[in-house]
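First subunit A sits with subunit B, and in the next complex the same chain sits with subunit C.
On to the complex of A and B.
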């Protein structure tokens, strides 16, 4: 990073079905919460970055920068960013760039998504906007379908079994028990995952992250300091469609982002104690472990096997929040939730480095952040 | 999704480019495809085409596997809101067994003409017409059956006991078999590979007069592409009108009991539904109203027959 940059406040709603709250209500709740929990006042905020993907489809609301800025008395300059499921981390990355360039000193970053007001078909169609509209959508693909293709090929190439894959969601659900903000705080056995209804062969219902309402916000500042320094902020991209990639079983954007982030933070991979990774579908979590370098190629499941069998023995903690699967996945809020959850986890564990790994589409955009907990 | 005519036209142009053979890189079956594709399951594959490009496309046929070769087929995908018919290229998994290799002496190597339709639709009449029209180039494939000989049978059947039929089936000589439910007896029908091969070896085109299960069996054995498949529909605008025309013809034959006729009608209803469900098994659906029209259609569709 060009200069010391701190996470000075954060807030999130519980993720889940909020029938009593609109997109605006969810956003307002976390804006108020983040300011309340930071040393800065509302008037210190000199810019707002809003992450949102499907506001137009699900809430008839575009122009969300102005919507959120209008919650603040001085209506600071505001922009909205969109990079599908990576919108949240792209918003943080944008804030970092603006802070590093001295364009602003304190920025409010917020991600909000209201998904349960629309029908499942409308949501599935809106989410397909994250894929290639000319190559993927006309075939009749949905996002579970895209990751079904990935899982099928991965199983073929590396011999991963259906029952092994089921460990991923089981681990995420167990970890969500401890997270008061999680959508599904209940244990799910691996057998239940294997037996849940088929969605996109070989993926089943309990391999898929849910449709959720929720918002998360954080305040980043160069003016105020805290115990949490942003050690790296990286953004990488890949082709929109899987059809244009050489491999179905690895997301190169994740690999590139990880390499650059470790260099930027000037740390080794094994200094990282906590990871929040983008498990939109269980197979993604397995592949991410490999792309981020925590497991060898074809062996990502070994991390989850350890987490399932010997959770306390693991040096590396993955998706303590419950991940997208059990904590919920209000698309654009996810990247910000991961980031602030890492801060909570580092504080609780008293460890130094944590990583939030967020991607959009089938890894077409990857936003990756390393937080340093200063003790 | 943009459903404007220009966007549809652009997409259709792209579909034409996709008419190439390819290899499956991965596949999945969606339990809940997008709304306008209908409620059924939809299989989709990432396919590497012959020109090296990769496409996402629907997949038909059973038991896909990574690395399998697939064949393109243009088909109706759905009807858009403004009644535009949207076509798409789906890739078909060919049957694992392929037709016998061609030899130069064989005029119709590995090629079968199939007529499928419900009882009474006029299959036998059309087949006779074809054989008389193209007597030098085609021959009917005999049907093995366990049913008793009946008045009106005209040499199209080879009669045998159930025991003999079972023996041939176990020996793998019968390549397609079906049991047609009847109240009076246990009726099995089937085709022998040797009969079809003998016709090929004689340089002739085998014609099968068949029904849905046997057609599927032939497709699985020789490959769907070896069959030029015609579905025969009775005249009539509705299902009820079609069934009534069949009833009329069956009674007119005067060779079956009323009980048998009712059985045949029941089967015919299934056959009519089958045309809709397995449209992919038919290259042409013909309404058998006027024999001359049907004859000229065959002349156009099977030019080799006309020349032979």
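On to the complex of A and C.
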């Protein structure tokens, strides 16, 4: 970080099916909420960054920067960014750079999606926009299909079993019981995951994050201070298509972002007490534990086994919010939700460093943030 | 500007109907071209900013940051931004801030659209995403309709006649004769504009910029220098819906951006020799001349009368490229094309300051840049 930069306010809607709210309604709710819960006033916001992926397809709405700026009395400059499911963290990264450039002192960052008004076909097609439209889509792939292939290869290479993989969603669902904003607050046993409907072999329904409506916002500032300092903001990229990668079982963008973020924050990995990681599919969570360096190659499931069997013994908390699986995944809101969840968790635990790890497509874009809780 | 920042390379495709090229082909062409025409190598690019509006709808492709980063051997971090027809200038603004933040030293900025593969209905609907989907679209408006209302009101308030308005496209077409990248290189007489097919009264076919394929790219750097320094980069926003504005005949975002840009560059308006302005419809060009302060309120047409009757006598050159009308308007590429055209024009004329003025929707987002030609 070029200068001290603070998270001074945040808000999120419950993630889920909001039949009575439009994309605009969801966005307005968190804009108002974030300002209300911060020391800044609306007029302090000197820039807006909006993350959105599905607006054009599902709500006939592009140009969402100006849409959100229109909520504020002074219509500050606004930018919409999109990097598929990494849109939220890319928005935070963009805001950090704008604050460091001195072009703004206080920035409202918001991610919003309205996904349940469109048909499943429309949403599946729109989400495939995150992959390579010339290489992946013509092969007939959808995202469950892509991560199904990843899981196949991972199981082949490392011997992970179907029943072991089921621990991931079981942990996420149990942890979501405590989160009032989660879409699914119900316990799910590992056996139920293994027996749920097949989606893309070996993945089953309960391995997959759902389609969700929701919004999340935060306010970042160099003018106002808080107990939450942004210690690192990193953005990395890999090939858009999985077909162009040397490995299907590791996402190099995550590895690179983690390495750079630890250097930027000047901390060791073991100083991190809380992680929110991108579990779009259960297999992704397993791989992420390895890419982020919390588990050895091929052994990511060990973290989830510990979390399942001895949660209170763990030094590292992973997806305490419930993750994408149980919280829901309104795609561009997710990266911002992860970031503000880390702040809540550090505050509750009284610990110092937390990490939010968000990716887009099959790890083609990775946005990673480290928050420091100042005590 | 926080630090000296230079335009060190650029490239564009011809704008028009590229039946034989995909969105990716167009993008790759200008990425290669911009690097080839700059002192930087591909490996010097430490960030990519991609402007695109229509990719999801017309090419099933979101996540275009990673798509473009995939062209480069080292896959640098990449962000896609969108602000409707202002996407290109918003991308340049984002790049300027990232360079000022020291997160990057050399950034590739690219705008690309592939619009002619989709049906006219799909494109008209996608472009309406730039307006307010809850207020404007349900009223049955399209963009020609919105600017038709603007023209109606302008003619009512200021007495502009249909035949006077026709001078705008006549000037743009004549100027495009010299531009090898323009979609329409043919002279169009004012009478032909007035007699062309009615589109949205009083606007006629030849008042409207076309649907186009095309891409443009530039490389901005703090590491490498050139004769073209970015003297100002401003981004402003207004209400998304025209219905929420006090006036239909002036775009406050343009006025505000111009004022801030002149202050940032620390120059007077009359030091500017060349302007590329956003003539999505002929009436917009008239209004822009007033909003940018080159003509008095209600008298914007006087600039075009001069350009039509005595082009060589004019101290101010406007849309010498042919503007959106004659060059074509692949929406997110336009703001970048305007910016690189200004550099070409300053070089050819041997003058010092030029302005590119790009807006999105009905002036809801305005991106404005001043380039200084160092001699």
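Heads up, the rule we're going with is that the second predicted complex is superposed on the first by the 375 of 375 C-alpha atoms of A that agree within 3 Å, B and C clash if a C-alpha of one lies under 4 Å from a C-alpha of the other, contacts with A are read in each partner's own complex, and residues count from 1 in each chain.
Keep in mind that, in the parts below, a contact is a pair of C-beta atoms (placed from the backbone, for glycine too) under 8 Å apart; a residue touches a chain by one contact, two chains touch by 3 or more.
Keep in mind that what you see is a predicted model, and the values were worked out from it rather than measured.
By the touch criterion defined above, A:56 lies against subunit C but remains apart from subunit B after alignment on the C-alpha atoms of chain A. Ranking subunit B and subunit C by residues of subunit A touched puts C first. In the superposition on chain A, no contact is made by A:9 with either subunit B or subunit C. In the superposition on chain A, A:199 makes contact with subunit B only, while subunit C stays out of contact range. When the shared chain is aligned, subunit B and subunit C each come close enough to touch A:244. Residue contacts after overlaying the shared chain place A:145 against subunit B, while subunit C stays out of touching range. In the superposed model, A:111 makes contact with neither subunit B nor subunit C.
Shared-chain residue A:137: touches subunit B and subunit C both. With both structures placed on the common chain, the touch criterion links A:156 to subunit B but leaves subunit C unconnected. By the touch criterion defined above, A:121 reaches subunit B but does not reach subunit C.
In the superposition on chain A, the residues of subunit A touched by subunit B in one structure and by subunit C in the other are 125, 128, 133-134, 137, 241, 244.
Considering their complex, residues 1, 11, 14, 25-35, 37, 42, 44-46, 54-58, 66, 88 of subunit B touch subunit A. The part of subunit A that touches subunit B in the complex is made up of residues 121, 124-125, 128, 133-142, 144-145, 148-153, 156, 197-203, 241-244, 248. Against subunit A, the residues of subunit C that register as touching in their complex are 2, 22, 24, 48, 53, 55-57, 59-63, 65-67, 69-70, 75-84, 90, 93-94, 96-103, 125-126, 128-134, 137, 235-241, 244, 253, 360-361, 364-365.
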